[in-house]
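Below is one structure, written out as structure tokens; comments come after it.
Chains: A, B, C and D, in written order; residue numbering restarts at 1 for each.
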Amino acid sequence: MITATHYLLLSVGLFSLGVIGVLTRRNIIIILMSIELMLNAVNINLVAFSHELQNVVGQAFAVFVIVIAAAEAAVGLGIILAFYRNKETVNIDEMNLLRW
Amino acid sequence: MDLIWLIPLLPGLGALVNGLVGVRAFGKRTAGLVANAAMAAALALALYAFWQLLSLPADAREHTVRLAAWIPPIPLALGNGAIGGFTVPWGFRLDPLSGLMILVVTLVGFLIHVYSTGYMHGETRGAYARFFAYLNLFAFFMLVLVLGDNFLVMFVGWEGVGLCSYLLIGYYYEKQSASDAGKKAFIVNRIGDWGFIVGIFMVYGTFGTLDFRAVADAAGPMGVEAAGFGTLSIITLLLFIGATGKSAQIPLYVWLPDAMEGPTPVSALIHAATMVTAGVYMVGRNAVLFSHAPMTMEVVAVVGVATAFMAATIGLAQHDIKRVLAYSTVSQLGFMFIAMGVGAFAAGAFHLMTHAFFKALLFLCSGSVIHAMAGEQDMRRMGGLKPHLPITYATMLVGTLAIAGIPPLSGFFSKDEILYRAFLDHKVIWGVAVATALMTAFYMYRLMSLTFFGAYRGPAWEAHGGRADHGHAASGGGHGHGGGGWRGPHESPRSMTVPLQLLAVGAVLAGFVGVPAALGGGNAIEHFLEPSFVARTAAPPGATAPATHEARGLGEAAHAAESKGGEGTGHAAHLSRSAELGLMALSVLAGIVGIAAAYRIFVRAPEIAETLARRWSGAHRVLSNKYYVDELYGATVVAGTMGAARGLWAFDRSVVDGAVNGSGWLTVSSAWVSHALDKYIVDGLVNLVGAVLEAGSFVVRRVQTGLVQNYALVMLFGVFAFVSVYLFVR
Amino acid sequence: MAEAAAFYILAALILGFGVLVVTAKSAVHSVLFLVADFLCVAALYVTLQAEFLAVIQVMVYAGGIVVLYLFVVMLVNLKRPPDAQRDPRRLGRLGAVLAVAVMVELAAILAVGWSRPEGEAGALGPSNVAQVGRALYTDYLIPFELASILLLVAMIGAILLARREM
Amino acid sequence: MSNAANFPILSTILFTPIAGAVLLLFVNKRQENLIRWIANLVALLGFLVSVPIWFWYDPAGPQYQFIERVPWIPSIGADYFLGVDGFSVLLVLLTTLMGAIAVLSSWTAITDRVKEYYVFLLLLQGGMIGAFVALDFLLFFLFWEVMLVPMYFLIGIWGSDRRLYSAIKFFLYTLVGSVVMLLGILALYFHLHDVTGAYSFDITKFQAMHAPFDLQWWVFLAFFLGFSIKVPMFPFHTWLPDAHTDAPTAGSVILAAVLLKMGTYGFIRFSLPILPEATKASIWWVAGLAIIGIIYGALVALAQKDWKRLVAYSSVSHMGMVMLGLIALNPVGITGSIIQQLNHGISTGALFLIVGIVYERRHTREIAEYGGLSKVMPVFAAIFMVMMLSSLGLPTLNGFIGEILILQGAYTANIWWAAVAASGLVLGAAYLLWLYQRTMFGRLENPKNEHLRDLSLREIVTFAPLVVLAVWIGIYPAPFINRTAPTVQAVMQRVNPEYARASAAAGARQAPKIADCDENEPLTPFTTAPCGDAAEGQAPPPPAAPEGGGAPQANPAGGRH
């Protein structure tokens, strides 16, 4: 019997994969993709509860998350492009201007 | 007579037409015609009005026309605390005095207009129309001046003629000396106007009206201020300051000789015949006020005689033909003020009239001479012109004899009347006046001699016009003779000589309206003018004592005719007929002596003049430099004012503005100080704290690597912590 | 059982593709794995009676966002390998460890047991689209409109950022 | 002739230029000629819509007419409250006329940022009109401040040499004054609340209020600072020459013709009627400063080498004259002061236009650069002559009427004031004639001046109304004087009630009828009665005339009295 717990465990696993990707990769595009993974994990979580509680609100929220994800991807990639034009790199270690 | 307001208006319209349209569109003929037509119409109207005035009974010869309220009534407190209404109408009044004046102004003015059409023909078209516009404008203002029924309307004319004088003196505006002279005339006149206008304020404050008749009638019953300076004395003194400005008396006479920079017809009309007599007219107009202020009267007489004497002495040593006449004018105006000052208002007005004729004549003659000499004004370069200019010579001789007081020419009667009345008033004044008359005859005959007699000393000329423009440059080029060369001295055109002849007739005959009783005449003019000089209110009972100045001023003239022969009870100062005749003979003698001396020195033995000038070189220098009065004024008044102006300008920049900029600077610098305070003390404390923290945070700040992932790691730490708390603490 | 089998297979695929996304050397590969991952998640949604969301997932994520990524990866024409430079101060390993720790903890929480939240027990009917639509257009209308504005702003921002002449 | 339909004429006048400014905002700034046309038409329209109040205002009616009142900020009692009396009618007309002239005069002078220029000019006009028609203190203050900003930019952007310095000086100086004035307004406002229990900025209420002397005194000082900076009076005048010198021509014209009147308007509208006791206590030093200003301004003008600065200092002198008439506190003085404000607007405005004409052609204001211009610019010389004469107070031109009334009023207040102030006339003649001589007369020596154009038709049109007005006021000022009567009487009611009583007794409301008396008297020997004596009531008896002391046959002074 697959319960909500299973889905939640899947969600946790996927989320942690995303976190690891964000923290370890240096290619900023991949970092953004890891963030997408994290968002998907959250969506799985929401849909799982929607199913569990037989309530459609969770799905509605998932729609919003997708919207946010789309917006984030668009703006984030725009920033990456702009940055790339200036510095010819997508290495996050070279994006260290924000420091003391 | 209801149309008297048209008399000034017609020349005004002429000025408007010539000034707005004529300057651009009119040819010389049209411009001259418009101006002359306006003056002719004014003359006709004036004659008609005068005739109507004469047809009235003697005590009813006064007619007032009010066109509209100029300044509508505004409440204003008077000197005595009551509240009156300050109001001024556009009012004109015809009475004997103004009737006489409009005749003089329109008649002489018309003749001079005619003369100008000839004299100015060398001007360019626009300038010609401009000249006639100014001339007409002058006539307009002068007629407003004499016809105004109250102080303020008179002041309109008063300032207006000053303006025209300014414009006409500066007519050759490209010439520095001309525009300087115009400016000087206006400003000096303005100084006089200061007195006039403050006097006007006092008149309103005292009487509550500015109407001449109302003021005179209100002043009539007031006591004569024999004891000292009362209100009336101050008023009259202030008004007299105005008169000294306009009529070129000490101390404000300096503008008149310079005014000769204007074209000669202007000198004749404005600076001899009409405008300069406005001061005399004004004093006469306010005869009632003046006769109530004996102190002022004395001032007037003294100033008059001093001016007459001083100007005559200066006239002795001048070389410029017009300047001699200018000083002569100043001197004759002094005579008129002597008359006013001794209470002989009618005599003064009489002399004003005769002077208008003979002085206008003299100026126009001099203009004719200058015209003949192509602009030369220096008498040392003339001489022997008699055969060249027969008409000019003859008419000028008439004028000279008239001014010298040779009977039966007009000057004799008026001047003699003044001398006689001066004798009654004060012997010293009389004495100086007779000496002045002698000098007058002398310098006038000197002028005649230097100009018309002797040998020709001027530049040579070629029969066929070689010396094209000699003298034109010197004179500002008033009357070039077209393109042709100067062909030597020549008689002027008819448009100039006819007015000369007419004026000469006037100079001969004008005196006969005032033949004194001693010579069997009726002194008609005094009787005619009398109503203008008295209040219609009778004097209060206490003030009728005939020995007072008032009696002399008012009563005596009225009773002069019938009180001859010592029958006048209170007239202690009156003389017998034989004494009067004796005085008359004396003044004639003075004239003859003057002429004879001049004849002796300048015609018979010209070397005497040079000997005299050498022997008395100091005096000669002083005289030919006009007593250095211009220099004195230049060094004191002008330099003082300009010094004050520059000083205050420096003061304004440095102190007043400096205070403003200083406070601005203060604000800025205090801002700077507080900035410094802020920076080094307040900020210093803050920075100290900061420095401590900085040192302390040296390790901590290493966290700020700029690596985004490290920051995310911190977030993860937080998540870890929360999850741990949830897991373990729950 | 089919349900359980489907879940396990899908879960394994999701996690597996996830690992590949994170570890792939090339960004292009990473994107392709990401697409696969998203498709699996969409399938998972179907099993959870969220058909609408599944469709959205395919269309928006797999069809839209990932294509965007692909474009950017292509546009970023790298002359040197993106990972060439490495900042020694970056604590990547510590992050990985911590992430695993958090995962373990969360798993522990789930394993220990969690209380099911109270909620009105509705019913997810057959017409999932209608239900989601009703929720979005009634109770969540304002957030929905705000989300549209957010998208608009993001669009404009992205255009502006990516424009060539700044 | 009246505003029968209760048409909101004042709002129309007020918002016409503002609407024009807004309209201009929507015009492409490259279409400069279109902008010029619009601005000129709006300014002309602004003048035309203001003309009816000249005819509709009834001097025999209540003091304030064409009232418009709408609550504005009810919580503090501020209203949108407009209304005019004769004084403001004249000033509003002056503003709209000079505004139109200023706009017209800028046609070729401004080539840079044309759109902004006209927007500022029209806004400025709206602000000035607003200050003259506001009957609410707060509204007045609002407009008073609104004027500053466009003027600041006009000087600062389109000015010459030291424009920034001058603009900032102008702005700060007037701002300091108005801040202090605001304190005064607030003090009065709270006092009014203490007395009536209601908060209100209604000026008519202030004018009816009797404040204690201490309060009056301090508020008078505050107002004095605010207004006398604007006038400007002697020690506060230094912003004026700088601002005038560096402002563009139209700015100078507006500044001289209208903005300076704000100060004197403030004195007559606020200081005198609201603070009568304090005013009376301050007569001496205010008059002293006014007289110093007259002479000082004239003397400093005499020392100027800069044409425009000379005219600016003559402004100081003339405004001193205006202040002197005002502080004489009698009807003649105040009437003269009001008339002289118009005159100053007309003649000095024209003089600045004149400087602007030559400045536009030669780009220098140094007097020494000119000379002999009569030769090349005869029409210009003629107009300059007329305006110079008007400025120096030649009778038959406008300046004389104002000066004579002011000096007569000052004489009544104190003989010495008139005597000393009248010397300003002499100095006025001196500096103006000298200026004229140096620029217009003499030989044309500077080759740069040889080919100066004479006035164009547009320039003649800008001067024509001023010349006509100068002559009209000079010869027949009665329509102007009659319109000021209600204002003067209202002020008198507060500062010098004797006059108000006297004129009420004499039926001064009939003044217009007196003025129209133009039929000639019948031909009789005794026709010396001033026109309209009968209506005037008790004309003054000759003060020293003993009653019945004269001879019976003599008619007492004044004929029909």
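By our rule, a contact is a pair of C-beta atoms (placed from the backbone, for glycine too) under 8 Å apart; a residue touches a chain by one contact, two chains touch by 3 or more.
Predicted model, so just to flag it, every value in this text is computed and none were measured.
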By label, the chains that touch subunit A as well as subunit D are B
Note: of the two pairs A-B and B-D, more contacts are counted for B-D
Most central chain, judged by mean Cα position vs. mean of all protein Cα atoms, is D
Of all chains, the one whose CA centroid lies most distant from that of subunit A is B
Taking each chain's centre as the mean of its CA atoms, subunit A sits from subunit B at a distance in Å of 103
Subunit C to subunit D, mean C-alpha position gap in Å, rounds to 77
Rounded to the nearest Å, the gap between Cα centres of subunit B and subunit D is 32
Rounded to the nearest Å, the gap separating the Cα centres of subunit A and subunit C is 6
Flagged in subunit D as touching 2+ other chains are none
Touching two or more other chains in subunit B are residues 705, 707, 709, 712-713, 716
Residue numbers in subunit C touching two or more further chains are 87, 90, 92, 95, 98-99, 102, 106
In contact, pair by pair, are chains A-B, A-C, B-C, B-D
So, in the complex, the side of subunit A touching subunit C is made of residues 1-2, 4-10, 12-27, 29-30, 32-34, 36-37, 40, 43-44, 47-57, 59-60, 62-64, 66-75, 77-82, 84-85, 88-91, 93-94, 96
The subunit A residues in contact with subunit B across the complex are 19, 22-24, 31, 92-93, 95-100
Residue positions on subunit B within touch of subunit C in the complex are 705, 707, 709-710, 712-713, 716-717, 719-720, 723-724, 726-727
Residue set of subunit B touching subunit A in the complex reads 701, 704-709, 712-713, 716
Per the touch rule above, subunit C residues touching subunit A in the complex are 3-4, 7, 11, 14-15, 18-19, 21-22, 24, 27, 30-31, 34, 37-38, 41, 44-45, 48-50, 52-53, 56-57, 60-61, 64-65, 68-69, 72-73, 75-76, 78-79, 82-87, 90, 92-93, 95-96, 98-100, 102-103, 106-107, 110-111, 114, 116-117, 119-124, 128, 131-132, 134-136, 139-140, 143-144, 147, 150-151, 153-155, 157-162, 164, 166
